[in-house]
């Protein structure tokens, strides 16, 4: 039931009595609260479209509020965070656009969002300088250390790379070459043969970012390599104690993106006694809704600063 | 961005800047507001699982608040509304239940919700008396008139049949025989051969419930016969001026459940200049979220009573 | 592995060793074979978009080959079968059409298929005469008996209504008023007040079309009222012994369209020891593939005529 | 319509007249034929679950038949190809397994497929030796060169790594550390500090594997990093001339996995005049069906060897 001036927290509480995915969303929000109260190390993973969407500033806020300890994401997310930090804007458009016309206008579509070619040009202009600075310090860079250096240079409170760097939250990106960032790494290596991005060392870094003895929690948005990398690295350290998976995929396909928290238990990726919930639905809605509830509860209990 | 004591209304406002389905949800909420402010006749349709879920009382509230003028639904929704009006409870369970074990315990599963056989027995006990009373008045009943009589007998503020009957909102159910209700109609007709449920007359009733000259709006939850019936009856009267479709289906299958508001324009089911939005995602989340925003806005403008 | 001149039967056999939905499709094909060999009464259900697609002639063939004993479908399927029987054609178009332009051209879109307004006009011209003929025989018609009369007049080997009528296969349509057919029933009743479509009597007909003692099988394409009606009527007679569900829906929504064969066991809709398989995927591909395998096997064993 | 001894080729031809995804599948098969006849460089991408499924040998066959020029995939696919090359078997199970029980038995679930812990142990035993051999030749390895060395040692006709190595088809894996393979790279680097996997150099390799002047085609199975990497590297060289996307994802989420061929045109990833088709449905069914048609046609025209 609705009432005047309904709060987001009460709204999610009521979802817990509705059914289907609303119940699972409330359960997931409860798991996030529990994960924080237990002192677990929290891994947040997201795909690049989550940063194309307006959730980027929210990710940055979560890092600032100490909700998150480790981030795993993809190259597109990093590129777009950098573009936005330099003032580029994305636009809300339509899923049913004329894509050939958009191309001719220099506009790239991601679902119902638009990114202009100018934003990529801006990214290009900045990234060269960054890589030069890093290389002059040393030739061999694990990915997360490179991203930390870049984050420190951004100076935008809504940038997750900036907030992560400031708050000692490592950002892992196991497929770093897959995107415009990769293209610029390649161009740079053409003229700096000794330049190495050391992905193997970064695997050590993510494995050592947690250990067998600490509790571990995962907030997993969408699927793909970000999802798998976080839960696989936790598997090596005994599996996740808490996990929420937010996805749009149907498990019928057997894909990683759609693999449920139940399936993860067969692998030991999630401990069999862990609190684990899968929520099906668009992450641009389910994630902020789940987190708004969790943040209110944690704030009520004095476990995070208010905003 | 989150802030302490975030309201549901502000939350949805912010979704309008995120992207993907969150943007569509905000757009849909705006269309609901516009539809009401234009004075449109509002058709609400839902599938039976929406009543299995805890949304039943919310539907009743929307009728009471005069948000809705016509309801179209399926037999299961009617049966379950009646069971609940007599105090039966449904239970929140799990999608991954042992279904053979549930069967042995007399428990029926709908997704992650459970309905017991006792609830059906209670329904059976009541429906016989209802039909006897109706038949003694006349032998031939259009569906919506039968449902009105039943609604008047329920006396439960959270029953949508009760609220609809009290507020002169017709409830249409074009596939009335498809469920336990149909089974009892059949048993009753075995001993009362003259008893007729006149579905053709009820088609006249839904067609005459609106007309060419009035603005018409549709809030369409899920798909199936409820969805098609509402938009088809509006097509006969010139098409919908406003429409929001909330669904989990992928349009790739060509099914009615997944047919978008865009496709409806090709049929004239939605006027080509209408405000029409499709939101993909679990309706148990997207519908209450969309409506909570719309209700706050309408309440702020004095267009509905507060609660 | 592929080899030159691969047969459809061998192809499906090999799918049984692949995984994910290909395995389920092979299992489903095996269940269809078993269902026929056991002598089960076979219920086939389909949504109207299956008839919009080119599967109509295949349904007619299955009836002719005695694969199917009872059909349950929706109004759209019946309308389109009649249009096509009178020579109307549908066209293959695109999912990404300009729907407003199509409307202006008098073209209606169903996914990537197009139906012209002329086809509806042709339907209208014919249906009036049909109803007059039927009414002159008697005023009160259960749906399946009305459809049988219409089927007998069609004379098109590719019409499922025609083949069903010729082969004593009843066609049930519990939501008969939901479509252009309903509109014409309504117009006819305006001038023939005694005309009654007796849906309650037709519920008796579907219940009596099988019984507790016979084995029962369901081939369920898509969801909605067609699906529910067939399995509910079998539930009354002790549940299905064999069932294959072919669907595109994700069970996460708790809808009837997505409800799995496992969920049906909790209701007794499927006996707990029955052979039951759910295949996720586009039915326009999975259904003909599954049936082609089953038909070859049944033909090899002399259980159906060759074609 | 079905006929006795229906061939797979005729089956797919007939799908072209059905509608919804069956039409798109036939269109996709035609694009594959056209792509080969034009002499395009063909990029095949697949996610790891495609190798968990029984499609591995089919991928190997396609390489042997010269259908494919470049492969892009993920770490899981590589690990599982190696396990299978050493005789490990995977098992067909059920989507609704007891995952905690499976874990206790040392069985890992991927949808309805099972992989035992022994298979991972076998992989571990082999990979150490491989890495030692490679390191003794040189310390710095682009991924595709490392995979080529490994492929040459496998000696299993059904291994795609083996066939790729033998037929000079590079296998790219931009997220190589994300899996058990990554874990062993990490262990090896702990004792061999100079060991470097050079992902940046491999980006150069994939960019140089095609060029602006040659026609380029993509056969894209599922989504994720494999999909993006292939189409992004082709974008740098002017975009794909031909593309087929086979996916289960709904574009509503804005994810890479669900991004359609239309969206890709806005980016220039696919040339605006290219032949591009998206097919929604389970790839374990749609891919072998599409390819069987294409292989028959190409074989009829003498463009591939028969098998």
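Each chain carries a letter (A, B, C and D) given by its place in the written order, and its residues are counted from 1.
Operating definition for what follows: contacts are C-beta pairs under 8 Å (C-beta built on N, C-alpha and C of every residue); 3 or more make two chains touch, one makes a residue touch a chain.
Quick caveat: nothing in here was measured; it's all calculated off a predicted structure.
Engineer: Measuring between Cα centroids, which chain is at the maximum distance from chain D?
Structural biologist: Relative to chain D, the chain whose C-alpha centre sits farthest away is B.
Engineer: Which chain pair shares more contacting C-beta pairs: B-D, or A-D?
Structural biologist: A-D
Engineer: Where chain A and chain B touch, do the two copies share over half of their residue numbers, giving same, or under half, giving different?
Structural biologist: Copies use mostly the same positions to touch.
Engineer: What whole-number Å value describes the gap between the mean CA coordinates of chain A and chain D?
Structural biologist: Centre-to-centre distance between chain A and chain D: 26 Å.
Engineer: With centres defined as the mean C-alpha position, give me the chain A-chain B separation in Å.
Structural biologist: Roughly 37 Å, centre to centre.
Engineer: Taking the mean of the CA coordinates per chain, how far is chain B from chain D in Å?
Structural biologist: 45
Engineer: Would you pick out the residues of chain D that each touch at least 2 other chains?
Structural biologist: 19-21, 49, 52-53, 96, 111-113, 250, 252-254, 262, 280-284 - these are the residues of chain D that touch more than one other chain.
Engineer: Is the way these chains touch best called a line, a ring, a star, complete, or other?
Structural biologist: Contact pattern: complete, every chain touching every other.
Engineer: Inside the complex, what are the residues of chain D that reach chain A?
Structural biologist: Interface residues on the chain D side: 47-49, 52-53, 74, 76, 95, 97, 99-100, 102-103, 107-113, 140, 174-179, 182-183, 185-186, 189-190, 195-204, 207, 222-225, 228-229, 232, 236, 248-259, 262-268, 272, 282-284.
Engineer: Could you pull out which chain B residues touch chain A in their complex?
Structural biologist: 1-11, 14-15, 17-25, 49, 52-55, 57-58, 61, 90, 92, 96, 111-113, 262, 280-286, 288-289, 291-292, 295-296, 299, 306-307
Engineer: Can you list the chain C residues touching chain A in their complex?
Structural biologist: 19-21, 96, 250, 252-254, 280-281
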